[in-house]
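There are two complexes below, and they share chain A, which is joined by chain B in the first and by chain C in the second.
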Partner chain A sequence: MNARRQRQWTQRAGFGLLTLATIVTTLPILLIVLLILQRGLAAITPEFLLAFPSDGLRAGGIFPAILGTVLLTFTMTLVVAPLGIAAGIYLAHYAPDNRLTRSIRIAILNLAGIPSVVYGLFGLAFFVIFFRMGTSILAGALTLAIMTLPVVITTTEEAVRSVPNSFHVVSVSLGGTDWQSVRRILLPQGLPGILTGVILGVERAAGETAPILFTAAAVYLPHLPTSPLDPTMALPYHLYVVSTQIPGMPAGVQYGTAAVLLILVLLMNIIATVIRSRARARRRW
Partner chain B sequence: MASQIPFPFIAQQPLPPARSAKIVIEHLTLVYSDGRESLRDISLTLPNRAVTVLFGPAGGGKSTLLRAINRLNDLTDVKRMQGHIWIDGLDILDPATDVIALRRRVGMVFARPVVLPMSVRQNVSYGLELAGQRDRRRLSEAVHRSLEAAALWDEVHDRLDQPAASLSGGQQQRLCLARVLALEPEVILLDEPTSGLDPISTEKVETSLHELKNRYTIVLVPHSIQQAARMADHAAFILDGELVEYAPGRELFVHPRHPRTEDYIEGRFG
Partner chain C sequence: MTSALRERLVAVAVRVAGISAIALLLVIFFFLIQQGLPALAEVPLPDLIGSRWYPIEGTFGLVPLVLGSLLVTLAATLIAVPLGVATAVFIAEVAPRSVREVLKPFIEVMAGLPSVMLGFLGIAILAPELYHRLRLTTGLTAFTGALLLGWIAIPTIVSVAEDALDAVPRGYRDGALALGANRWQTIWRVTLPAARGGVLTAVMLGIGRAFGETMAVMMVTGNAAVIPRGWGALFQPVRTMTATIAAEMGEVAGGSTHYHVLFLIGILLFLISLAVNLVGASVVFRARTRAERILS
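Let's look at the complex of A and B:
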């Protein structure tokens, strides 16, 4: 009896600790979101979203920054999604288990650990200067793409690996090629995981400042970019500028910018979740 | 005359008349790279349009032999493979052989029913679609015909578009058979196809096999000696990667020639 009570107590204490850990990790996120929305939402007016900044960024809107972030992430996705998914499928399905493959894997893991400012400097040297792209949307998007690649590759590899190998064996036994297994089974079945990876990567890139600092971003532009080789304003960089670089900045602009960035990212998160749960519902095994 | 005794009683003796031979295995030796279960110098001639049973204790190489016949071992790490397997005179182990075409001619049903994550209909038409068949009418005819032949049509005809995973285990295994039949193969390999099934489902599968053997060459690894005896037109006893005895089923299970065969059939080992 006593032993049983003790076990129950241990169990309760264990669950209590786990709950506490969950609260401790979620609370800061909730607080950040609530604080920023509470102070920022008031600043978000149609003018704020649709107008150019004025009065040395202290008034007006942030439209060029919103558009710039959308353009940067969109261009980056065009590059990172096909490349990362292809590499992930290769690693999961085609790559032989040898030293070369193992070093490629380690390289990818290391790539994921490199600080984003290093990517920024690499982008400056490689895309901006060496390939003469100048400070431009293209150079920034490519830099972001390289930074995001590891996430997309790793999640794609995991997602494809999670599809039972017996499906592949059956497909082959029915006269299927490797590619037909990939195309008809591995890819559709792994899609929820792959999409999650891509969107998480894109989301992270959308909020990054350092990689675009030297490669794409401008403090202020009087007109919208007209080509991929134009520089652009971008939300995270704009936020950095209005928060630290300009004296006498009204807090509304800062919180408003942060709120817009946050909402954009959360929106992508929600889209990712919806796509994933829809694709999961269609999955049949 | 040889036709009355079409098969040798003991292995590695004269081959049956050429016209009735479908698959000829010659001195097949296979070693996995991790040294696992292998085949040692197996020679065996499988007759056309009959059930040949490969039986013996687990780990003796039956599945490996079966998988060699449609080159599914290509997916595994095989260190060494020697010898020949001829199907209608074509050496299928020749590196130049078109493996894809071979696998369409030689279908495989696995021990665990693996239905693909799609509808019942798509499962059956999958192989044909891989082969490039797009004609909806043809596909739908093939689905009907194959499900009939696998004795499944009556049970699933009104839910062809439901997920295949929603079928029962026995139905799933017959679906796997139908999937193979859709390709109109010449040879069907079955690796313990009823090992996970209840007696009623097992009987249904065995009944379809009995009907199918009039049109197909069937190679079966049975999941019990009883099933081996029930199904075998010809039976090969395989022990530790070697062929011990090969004879018509009636002979082998009644008067085994080799003491090891007798011991195994009577349950003294294995």
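Let's look at the complex of A and C:
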């Protein structure tokens, strides 16, 4: 009886420790999010969102930075979505189980593990210098696209694979070709998963600073970019600049910028979660 | 266009897209080599493994940077691994369903927080707090960086480890419970050991995440390129490899020795992350769903 009681005590202590660890892990993040929203929302006015910065970034708004991040991520999506989705379809549906396919998987895994600043270096050497794009939206967006590619490929593959095999079998037995069953059956059924992957990729790209540091970002520009070959301001880089590079920066500008970035990221996360859970609820298989 | 031709074209197109992943990895490596290798010719090897990083004088000793990265990563790992694995076990094995449904998306949000934002909070709140509480000479230290990095690595560890625990067949747990083990014994002696491969992968990926992190580390570690000596160094400024590239690349002339050396550091980062990843992936870890978590 005594041993049993001790066992129960151990279990209670163990579960207590695990609960404590979870609280230590999550609570600081929750507090951070609330703190940024609380201090940042006070600073967010229509002017802050829609005006140019003034007084050496210490006053005015952050419109060019917001627009820059939107342009960068939008251009990036145009590149990474088709390429990543095609590669995901290949791995899920076409790829034979051979050495080439295994090499592709290993390459994707390694691409995912490369530090973001190394992508920045590559973007500088490849897009900015070798392809003479200069420091530009295009060079930054392409760099971000390569960095995001693994996420889009793997989520697409996952989504297409999760469609039951019988769907494909039925399609083929009715005389459908490979491509017909991919286009009419597998892609529509896997669409929510694919969309979720693309959105998570965009979320990650929107928050990254290191890859655009030497490929696209400018501290301050008096005009909005007019072509994909112009440099641009960007939200995460702007947050870096206002929190480290300029003395006498009002906290309102810093927290306001952080809050806008946070809201952008949270919004994409919520959209992805909603798409996923709605698809799961509607699913008939 | 005939249907057969279209079939062939599509098959080729998606195949090319798949192979592009390999091509990109090779192109990245090639361009890093092309820009970084000249450094080996321009700077004598004894200088590169020297202990002084002082680019203005043309002294490019990489040792302080490498040790700075190792110190911060090691400290972050010591924080993140126990917390991350414990949280994963809590979510997968202990938490009631309702709590689980809240925690899982929360961890995902955590993983998506921009590191520059955490860096900003590090400067604005964490560093002053540590400075006052621990009576340091500055709040911008390796320890401050390790704390931030720990929390940046935790979501990676939690989601991969949790998937590994989920993949342990139900029957293992049922068997242990039927033999009279309680839930704690089942977790400790059956589920965790059965998932150890996946948990190890989680740890490796977490280490890789911490090692490659740039902005947050650059903002809070003080960026002094000195060789850390002993555990006391944890509470002094250091400078990591990633931060050095990010901080200095904007100011160097293209094609200069300094520029080539920064690319050489990039090659080192590339190779180390490659090694960490391959070790992580080679651990027995079969079920396919994991790939998604690993990469997102």
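Basically, the second predicted complex is superposed on the first by the 253 of 285 C-alpha atoms of A that agree within 3 Å, B and C clash if a C-alpha of one lies under 4 Å from a C-alpha of the other, contacts with A are read in each partner's own complex, and residues count from 1 in each chain.
Assume a contact is a pair of C-beta atoms (placed from the backbone, for glycine too) under 8 Å apart; a residue touches a chain by one contact, two chains touch by 3 or more.
This structure is a prediction, so every number in the text was calculated from the model and none was measured.
Asker: Touch test for A:Ala43: chain B only (first), chain C only (second), both, or neither?
Answerer: In the superposition, A:Ala43 touches no partner, neither chain B nor chain C.
Asker: Name the contact category of A:Ile199: first (chain B only), second (chain C only), both, or neither.
Answerer: neither
Asker: Of the two partner chains, chain B (first) and chain C (second), which one does A:Ala279 touch, if any: first, second, both, or neither?
Answerer: In the superposition, A:Ala279 touches no partner, neither chain B nor chain C.
Asker: Would you sort A:Phe130 into first (chain B), second (chain C), both or neither based on which partner it touches?
Answerer: In the superposition, A:Phe130 touches chain C alone.
Asker: What is the contact status of A:Thr155 with respect to chain B (first) and chain C (second): first, second, both, or neither?
Answerer: A:Thr155: touches chain C, not chain B.
Asker: After the superposition on A, what does A:Thr209 contact: first (chain B), second (chain C), both or neither?
Answerer: In the superposition, A:Thr209 touches chain C alone.
Asker: Where does A:Gln11 make contact in the superposed view: on chain B (first), on chain C (second), on both, or on neither?
Answerer: second
Asker: Which holds for A:Thr177: it touches chain B only (first), chain C only (second), both, or neither?
Answerer: both
Asker: For A:Met76, decide between first (touching chain B), second (touching chain C), both and neither.
Answerer: neither
Asker: Where on chain A do the contacts with chain B and the contacts with chain C coincide?
Answerer: Chain A residues touching both partners: 177.
Asker: Under the stated contact criterion, what part of chain A meets chain C in this complex?
Answerer: 7-8, 10-11, 14-15, 17-19, 21-22, 24-26, 28-30, 32-33, 35-36, 83-84, 86-87, 89-91, 93-95, 100-101, 103-122, 124-126, 129-130, 146, 149-151, 153-155, 157-158, 161, 177-179, 182, 197, 200, 203-204, 206-210, 213-214, 236-237, 239-240, 243-244, 251, 254, 258, 261-262, 265-266, 268-269, 273
Asker: Inside the complex, what are the residues of chain A that reach chain B?
Answerer: So the residues of chain A touching chain B come out as 164, 166-167, 169-177, 180, 184-185, 189, 283-285.
Asker: For chain B, which residues count as touching chain A in their complex?
Answerer: The contact residues of chain B facing chain A are 70, 72, 75, 100-101, 103-104, 107-108, 110, 112, 114-118, 126-127, 130-131, 163-165, 176, 179-180, 183.
Asker: Please name which positions on chain C make contact with chain A in the complex.
Answerer: Where chain C meets chain A, its residues are 3, 6-7, 10-11, 13-15, 17-22, 24-25, 27-28, 31-32, 34-35, 82-84, 86-87, 89-91, 94-95, 103, 105-110, 112-121, 123-125, 151, 154, 158, 182-185, 187-188, 205, 208, 211-215, 219, 242, 245-246, 249-250, 254, 262-263, 266, 269-270, 273-274, 276-278, 281, 288-289, 291-292, 294-296.
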